[in-house]
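Per-chain residue numbering starts at 1, and chain names A, B, C and D are given in the order in which the chains are listed.
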Amino acid sequence: MKVVIFGASGYGGAELIRSILVHPFFELTGASANSNVGSTIGELYPHLGFSEVSQIEFVSNEDLITMVNRGGVEVAFMAMPNGQAIQVVPKIIDSLRLVVDLSADFRLKDPTLYDRYYNFSHTELSLLDEAVYGLVELNRGSISSARLIASPGCYVTAVTLALFPLLDLGVVTNDGIVADALSGISGAGRGANVANLFSEIDSSSFAYGIGTHRHRPEIAQNIGTDLLFMPQVVPMVRGILAKTYAQFNPQWLEAVGINGVDDTPSAMQVGEIISGAMKEFYSASPFVDIRRSGSSPMTKSVLGTNRAEISYFYDGTTNKVLAISAIDNLVKGAAGQAIQSANVALGFDEELGLSKVSLIP
Amino acid sequence: MKVVIFGASGYGGAELIRSILVHPFFELTGASANSNVGSTIGELYPHLGFSEVSQIEFVSNEDLITMVNRGGVEVAFMAMPNGQAIQVVPKIIDSLRLVVDLSADFRLKDPTLYDRYYNFSHTELSLLDEAVYGLVELNRGSISSARLIASPGCYVTAVTLALFPLLDLGVVTNDGIVADALSGISGAGRGANVANLFSEIDSSSFAYGIGTHRHRPEIAQNIGTDLLFMPQVVPMVRGILAKTYAQFNPQWLEAVGINGVDDTPSAMQVGEIISGAMKEFYSASPFVDIRRSGSSPMTKSVLGTNRAEISYFYDGTTNKVLAISAIDNLVKGAAGQAIQSANVALGFDEELGLSKVSLIP
Amino acid sequence: MKVVIFGASGYGGAELIRSILVHPFFELTGASANSNVGSTIGELYPHLGFSEVSQIEFVSNEDLITMVNRGGVEVAFMAMPNGQAIQVVPKIIDSLRLVVDLSADFRLKDPTLYDRYYNFSHTELSLLDEAVYGLVELNRGSISSARLIASPGCYVTAVTLALFPLLDLGVVTNDGIVADALSGISGAGRGANVANLFSEIDSSSFAYGIGTHRHRPEIAQNIGTDLLFMPQVVPMVRGILAKTYAQFNPQWLEAVGINGVDDTPSAMQVGEIISGAMKEFYSASPFVDIRRSGSSPMTKSVLGTNRAEISYFYDGTTNKVLAISAIDNLVKGAAGQAIQSANVALGFDEELGLSKVSLIP
Amino acid sequence: MKVVIFGASGYGGAELIRSILVHPFFELTGASANSNVGSTIGELYPHLGFSEVSQIEFVSNEDLITMVNRGGVEVAFMAMPNGQAIQVVPKIIDSLRLVVDLSADFRLKDPTLYDRYYNFSHTELSLLDEAVYGLVELNRGSISSARLIASPGCYVTAVTLALFPLLDLGVVTNDGIVADALSGISGAGRGANVANLFSEIDSSSFAYGIGTHRHRPEIAQNIGTDLLFMPQVVPMVRGILAKTYAQFNPQWLEAVGINGVDDTPSAMQVGEIISGAMKEFYSASPFVDIRRSGSSPMTKSVLGTNRAEISYFYDGTTNKVLAISAIDNLVKGAAGQAIQSANVALGFDEELGLSKVSLIP
């Protein structure tokens, strides 16, 4: 099945190529990168020199649109900066079986949020309406018949996977939720930026976008309530470690009943009951790995994989439910997630082209 | 002034030596390290080979006790593992002008907490009672006349400096406070431990001691209320980045009045008012640096220094006050703090032997 | 095909498991780790929790020997410390189709070198004689019919692949060769060692084993001449970057003739002629990637892969040929190499279970 | 004494400020940075927010020239990119007591090398002639009366300090010398460059400028012979680890005589004899630290300091003398060196404003 990538020169593009190379049914046949037109993939990514795709030349977005419209290509992955996919998708979608957009352009259902958070006005309202949100774990049914998938990014995926079932099942209330999340710096992309130099990032941890980050409204859309979102950078290339703090709802415990537990469960038992419910919620999701209550996921454990590790903990003193989730921001938080939902939309095994074994050490 | 270090072979000991070497009034005259008896400082720390202290031989704790009791030494810094200083301090304190203990042995006023969190029973209750808590910013008066100082550690210092004035002034309530803190791995010490190998820590962020960490009761003692404490390791050697989340108390705003602000201040204005109050609270503290509301401290900005950078932010949606603080865990979170309170106790300028300029980049 | 791993708890063991999990014909059925008997693979490697192998319990070496001798197992990988495989291999080899040893126990043809460099006397001389050196690129024929393979390690592989063809074809003389090689710290293994802590290795580059390293005689055995070998550690987990400096032999140029080049080729042309000869030498080796003369391999380009990137350069001023080679020490320098030669010995496609696409960024 | 910095916004500038802040006689009174005119030092370097220099506003180079020519300033440090100091120095030198240039503009005595290696033609030949090369250890006398100092950079300092005395005393011949040097990435400066992003540099070691690097002719000028220079980047912020390989001259041994050694000294003894001669050569240099033969300097041991650690080793097999030297590229390899030679030129203690104790861990 012939696939193309628009905007293939960034880290998301590199990671898409890594997956496509090991995917049994996908064949990369074209790639655009407006700032690298004329270079080959092998020139930009010397580590792919051994592969046949290294001979593919980057073309302009316009030329790739033309190529797609000549027919033969079935899938396009859009890995361009925010605000560019809405320019391209309308021109190609009718020639393709599937478009998966990795940018924010089709994620937010309220179009006015684009003016406020992304500095552009959304002009493709019917496509926005048609787009299916590409979080397979929560949306498998719609994705399986989608033509346009809006694939969510790293922070939003890590936080949503952790919080959605807690709120959906009523385990926690929606009062004063905090999501405190650490990210590797590759999430900032491959742009030439002094702030992201090795000399600046090494040995440094810091917060940014405090209270104003554009992923806050997207998380709110997913979980159905606003929250305080605190993104931070820590000195690693890949990985998200998200911790969410929410108020426990004791009535949930009464509702579910407590099998094999005394009338008043200990805090540790409450944590285990919550973990059990989460495990059940994700029982059909091969990439979600609910860990033992009280343990912690590690970003290194998911490095290079499409897995999400999540653990839950109940703190009796503050009556809070803590969730910790770890993903690789470039895989489950970007390219891997896009491949996963493409697999579902195209009727393939969800796991094709994706790894579960991380590079340890 | 002659000083000695008990337990000088760990990272805290190395950092004490670094300060003492540039301190105009301290002269290191003895160092113990039970596991390195007979080695010189220069053998264990080749980077100090150039210095005269490199010839000092590590002796046993017993031999250093004997040396102290022969007289001439005025100050002892105790950098031994928890549970060991209470064995040594009673044997030397009467021969000395000042003892500064960097371990937890004299920090907790409730002795039963040692049984629960440190696996030993405290047997030196009168010294525990006499010991002064060595956080100069909150306790300058008592420290100036102390004979035995219990110097607090990294997490506790970062969290306490951020939260204490908020609670003390009534800016926040004590309900459901969360302290989420990131640490460099040097906080785990210099022990041979597989989990702290470069190959394990690089590229990895993770939580540990979830809900059970021994620094929770010490923070609670300092701020006067229990809280949820979430320590995490991120891949850097030094640095603490602590974020605290607490519920804003609107009555505080009424109480302080709002000069130069409309009747209903915006969230941003509330953040600035809080920051102003904190700046005033710490106006006499040369090592506390209150930053602009909405900005973030960076661990790299305090690397190698005794400074604490703190910023405050008010989030209108959740009505929470966020504080972010950054310190170097081995300086303001260990050795630097000990030197600082020794300076105050001995009547020296608080800043002697301590740096404020970090190693950037 | 059932395989077992002796000594599976170190980094080599972890990497073997990573390959075996994606190998279409290998099934892991047993693993020994004397220091972790009774633990499961999932307990030691939480990142494998999702996989069926996570349920496998580590047994003692003795119990795994017994299991092998009950039959059914066809291949054993030995990932034990030096000096241990010679205890085990004699007890199992007759029950197996293939034994691949990742330690040094069967690599050195001169048994007296074990006394001198490894502190044990070699007692299995006939097995030592039978053992085939597992560098597929130089030894494909013998490996294809081997029963016992001595699989070389990281430094030796990187240096031998770079130097062997230069000496074999007479491009360089064997006078005063220098091999200066950088290694990631995972090469030092998973032992609890203060010197390998994150806090010690971060920001530090240094040499060790100067002139005395035990890999010097093994390289000398491979290339047929002694040399100065300078191993160094740089702050990264994986990767070897080896640079070799040897004296150019101008008569080689006359011997090969110089097609399409002036009578006196420029230094750049000499470099390109050498590169061309090396490319031809390795033309049947899918994992060797000869790069353009004057360019440099990067350790990151081979991260997680079994590829070796090598470039050659001729320096006119000093008349030296410089070779630079990069491999992942745990893959082409350990587990991947073992899998590769097992594939050849068992008649499989050389590339099964091995990746060529690195994790970038 | 009033000092100014031209080009103060890069890493060299930041490091100059760090030294000046602790220097007892220097007072920073002006700083230029053409790309940051109007910003204050505190805005560009938030970690200096606590200091009075944070209020200093960056001005243009032109405005700083005017300020200097109004009088009162005594010293200018030039931390501008190559090719810019020759524009500025002629306009200010007559108003100043001392100019120290950290760029290459006055380092090479053969002006034609600027055309070849730096892409500009040198137009200030009399200043070039007047300029004194600022390596205090080799040039103390001339520096003490200099008005214009050309301060050498990181690679050149590390290699020259190691090789100069070997060649000067005749310990080695000048045939086929190789200098293989590792550098932290801060040596590449603070420019916005994709290749220097954390995501690119982390986990990566690689060579560059192979055979063509512009520091090759400068090293050759210093040591009096050409050589093969192989610069490499390893994943750390600061530090140079240089290894040089040269042919031993046995006649030197005869010339110096061998006290207390048998007629034919062992290789180890030769190494120790060489080390002793080097120790004597540098006996008046407080910042050079000759280590035991066979040991290795570590970049971490000199982090943040102006020290150079060097060790020497003799390899009997290849008859080569190996030298290993470690410096902090931003201190002894840039700003610290400039301060050191300014101290000498101004008659101050050589060590003022400079540290010898590194930040360990």
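Quick note on the criterion: a residue touches a chain if its C-beta (ideal position, glycine included) is under 8 Å from a C-beta of that chain, and two chains touch if they have at least 3 such contacts.
Predicted, not measured: the structure shown is a model, and the values here were computed from it.
Of the two chain pairs considered here, A-B and B-C, the higher C-beta contact count falls to A-B. When each chain is reduced to the average of its Cα atoms, B sits farthest from chain C. Spacing of chain A relative to chain B, judged by their CA centroids, is 38 angstrom.
Chain B and chain C, compared by their mean Cα positions, are separated by 46 Å. Shared interface positions of chain A, defined as residues touching 2 or more other chains, are 11, 184, 186, 190, 197, 199-200, 202-203, 235-238, 298, 300-301, 303, 361. Note for the complex: chain A touches chain C at residues 11, 14, 18, 21-22, 45-51, 186, 190, 237-238, 286, 289, 291, 295, 298, 300-304, 307, 330, 355-361.
For chain C in complex with chain D, the residues that touch the partner chain are 176-178, 180, 182, 184, 197, 199-200, 202-208, 210-211, 226-228, 230, 232, 234-239, 241, 243, 245, 247, 267, 294, 296-300, 303, 313, 315, 317-320, 322, 324, 326, 361. The touching residues of chain B, counted against chain C in their complex, run 11, 184-186, 190-194, 196-203, 235-237.
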